[in-house]
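Two complexes follow with subunit A in common, the first pairing it with subunit B and the second with subunit C.
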Partner chain A sequence: MNRTAVAVELRKTRRARVVPVLAVMVIAVVALSSANLFSDSMRADLSDPSAQPWEQLLLNHVVVAAMTSPVVVAVLASRQVDIEHQGQGWTLARVCGLGPGQLCRAKALVLGAVLTLAVAVQSALVAGAGLLAGVEVAFPAGMWARYTLTLALVNLVVLFLHLWLAARVDNQFVGLGVGLLGAFYAVFALLMPAWVALALPWGHYAAISPLGTGPDGGLAAVTPAYGVLVPYLSAVVVLFAVACRRFDRAEEGPA
Partner chain B sequence: MILAELVKLRRSALWLVALVLPVLTVTAGALNYAGNRSMLSSGWAPFWSQVVLFYGLLFLSMGVAVLASAAWRMEHRGHNWNLLMSTPIRPAAIVGAKIAALALVVAFMQLVLLVLVAVVGRLVLGLEGMPPWEQAAVAGLAVVAATPVIAVQSLLSMSIRSFAAPVALGLLGCVAGAGVLLGGGGGVLSHLVPQALVSSALFLGNTAVADSASLDPGAVGTIVAAAGALTAAVWALSAVLLARREMR
Partner chain C sequence: MSHVITTEGLTKTYGSRTVVDGLDLRVPEGCVYGFLGPNGSGKSTTMKMLLSLVRPTRGEISVLGRPVDHRTRHELSPHIGSLIEAPPGYGHLTGRENMAVVQRMLGSSDRQVARAVEIVRLGEHMDKRVRDYSLGMKQRLGIATALARDPRLLVLDEPTNGLDPAGIEEIRELLVSLADRGITVMVSSHLLDEVDRMASVLGVLGRGRLIFQGTREELFDRSVPDLLVDTPEPERALDLGLPAVRGPGGLRLSGFDDAATADLVRQLVHHEVPVHGVRRVRQSLEEVFMDLTGREGLS
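== the complex of A and B ==
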């Protein structure tokens, strides 16, 4: 990876206000996920294992993350790539010896790192809200960590797709429209059979949910279909790498 | 002016979102209703409640955010600002025409939603009769309630050259609106946050949302009054900004 390209992309993230956007979204997601923890009706359930307070909180996080993450990723990818479309950045980078594919890989690295960090902070803050509210039931650390890890991975894959789309189509409407419809798909995939969720990358926000409905109607731990998820996610990473190589070989910019 | 704005939007891909969003909404609502028939009571009301659940909470307002960015995008391109501002048209009329054109697009979305609910409910889910008039009233009221969101997103998209930034701010508004409603902080606050107003309107008489108000003249009147006041305030602010600031 070209260090100069990464350093330049880091500077562009400042211009695109990536960190403030993510920080505000993380706070919003945490607030929305944990809003009902502090309600009077929930207070009695915080020390009752049968009320599953941690599971309820994690499920709220799953729903809110599925609703917001696709749009946030689309916004970040779109802003980071639009700089090149608006300011002849592809040509400028090419003159400096950086192909469009290299630029896209650097963007993926920088945005991916920031996004992953944001997911980790967000997940920790949601758990922190539970502790702050006074949940006394044992914390399901393994389930929480697995969900956080898979959420970060799905975010990365969707980021790769949106970076490719934003590079190919200079009209940001397309990327954000796809992000919006993707968010819609992600939310409704939570209510659909697993194969529907696995069919499109945005549905994976639902497919990674570690919770489902148990036989008694309560929440039960489920194992996401990692056997399908991992190859699928790996394939998108390979396709992104191939697309970047093609960008580098193209005579003009990627769009 | 409004006609001119609609002509500008004629070849825009914005109509695709205006069509696909209601189609997805009704499809997902129908699948959810069909999959949970044992738990839901039968009829048009539970079906409608499933259809508008997430649409009211997030996706209608987010759709408006994307549509507003798309509508203002063309003015940020090339020398369109110079052309637009050198016409003998008042800034209030320019902004008003944009808001009205976007409101017509939202009305189109709601019409598609209603027609699809009727067709899918009758032919696919086998519901009896036709959807009750209350659902048409709620769909129509949602257009009025969405006008402040249109005005706010229009103001943001007019002021910010970036396409994505107003959409990100719109998402934040949706989260704030959902927080206001789910946190039980209804009342005045739910009528001041534009996105919460859209949710309040679409959730009138909703059987799937706890504490949703019923469709009565009082609730409708409050929503219409709040929507009118918010839209007028944001429209006036937009006109002042357009008159005093140089847009690029």
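== the complex of A and C ==
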């Protein structure tokens, strides 16, 4: 990773409103996930283990995150790349000694870091909302942490895909459209068999759900198909690295 | 005279289309070199090859005495300031923040950046966002980014594009003053007017080929001005099948050099066409240029 490229990327991010975009995402996800905690009908369930209040809350989080994350990631990636298309940034960087692939890697690092931070804050706030509402059942810390970690990883993979797409196709409506379709797919995949969720990276927002339906019709812990998810995610990371090298070697910009 | 840029047979083809064809450029040190040609004649492509942004299909390039390829790119780039196609600038950042980005990429000093901003006289607009800049301010910011490394060579692609006459004049003075400081400036345009009064050496490109390279005076010598024949009976002359059109006071003929002119007069006299006078029109540089680029026009 080129330190100059990262330092420059941070300077460009300054007024790009990355933090406000992420803040809106976090607030919206926390609000939507925890809305029904504060309804009167839930009040009695908060201290009843068989009502599974934490599991209900986590499942809400899974659904809302699947709905919003693909769009937020697409918006961030396309904004951060579009400034290069609009401002002749690829050529400027080239004549200053930085290839387009180096810029893309720096963007992945900077956006990946803030996105991961946002997911951690978001997940903590959803749990905090549960405590605030007065859930008295024991907190399933392991399951919660595992989901948060895998959500952050899926975000990174989808981020890499969108950075590549935004760099290749200078019309940013394409990337944003893909993000929207991705959100539909992610939600749809929650209701479909596991292989549907595993087929496309956007479905992984559903595939990482640590909860499924148990034999009694209630929520039961399930183990996501890590055997498929981990190699899949690794492959995307490798492909992104290869694509960045190709950007650096090609003539002119990546589009 | 030493040359800052020389190319031998520089060629670029895209698929089966040759867009730059066998250029032998010679850009002398310390001059303003005007690189002229109609739209699509290959100016930007040539400049991109000089900056190793585009790989030549064939031919050699030497810049500042070094061959240009991917290995020397890093050695050369600190000495070359450039502006290709449109001026760079992140719209969401201010002028100052844009310069900070460039400074970090180039590793320039604060002094170099401050001087670049001063040269283009952008000082009072540095805290405005670039998206609110006028076109002229954007061009000047682009030139400042090119200057931020104390370059020995500037390669500027249509830096006057879209500017009003006052803006063009300002850039002209700026480039001439840079050349006076010993910086070699190669500047492209599709309008002769724009570079006429700043460039001391001209290179003219037509359909990817270099059709002229030399001084302004040499350019005049290259083209044969039209001939005007004063005669009260132009119809009789036309009946002889001369490649002439009606002109002021008689006939106008193109492409007649001195020998052809002598032949023409002999022929007219032989056929007893009264000749009152034969003279050449005074040509503007624009017309000379049109002559060279085959009257396809410059815009």
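Simple rule for what comes next: the second predicted complex is superposed on the first by the 255 of 255 C-alpha atoms of A that agree within 3 Å, B and C clash if a C-alpha of one lies under 4 Å from a C-alpha of the other, contacts with A are read in each partner's own complex, and residues count from 1 in each chain.
Throughout what follows, contacts are C-beta pairs under 8 Å (C-beta built on N, C-alpha and C of every residue); 3 or more make two chains touch, one makes a residue touch a chain.
Model, not experiment: these values are computed from the prediction.
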**Prompt:** Between subunit B (first) and subunit C (second), which does A:R15 come into contact with in this model arrangement: first, second, both, or neither?
**Reply:** second
**Asked** Is A:V75 touching the first partner subunit B, the second partner subunit C, both, or neither of them?
**Response** first
**Asked** So, does A:T223 touch the first partner subunit B, the second partner subunit C, both, or neither?
**Response** neither
**Request:** In the overlay, work out which of subunit B or subunit C sits against more residues of subunit A.
**Result:** B
**Message:** Per the contact definition in the header, classify A:M25: touching subunit B only (first), subunit C only (second), both, or neither.
**Reply:** first
**Request:** Could you tell me if A:A93 is touching subunit B, subunit C, both of them or neither one (first, second, both, neither)?
**Result:** second
**Prompt:** What is the contact status of A:S50 with respect to subunit B (first) and subunit C (second): first, second, both, or neither?
**Reply:** neither
**Item:** Intersection of the subunit A residues that touch subunit B with those that touch subunit C
**Value:** none
**Asked** subunit C touches which residues of subunit A in the complex?
**Response** 4, 7-8, 11-12, 14-16, 83, 86-89, 91-98, 251-252
**Complete:** The residues of subunit B that touch subunit A in their complex are 13-14, 16-17, 20-21, 24-25, 28, 31-32, 35, 54, 58-59, 62-63, 66, 69-70, 73, 162-165, 167-168, 171-172, 175-176, 178-179, 182-184
**Item:** Residues of subunit A defined as touching subunit B within the complex
**Value:** 21, 24-25, 28-29, 31-32, 35-36, 39, 67-68, 71-72, 74-75, 78-79, 82, 171-177, 180-181, 183-185, 187-188, 191-192
**Residue numbers on subunit C that touch subunit A, as the complex places them** = 48, 51, 53-55, 73-74, 77, 80, 82, 84-93, 97, 100-102, 104-107, 130, 145
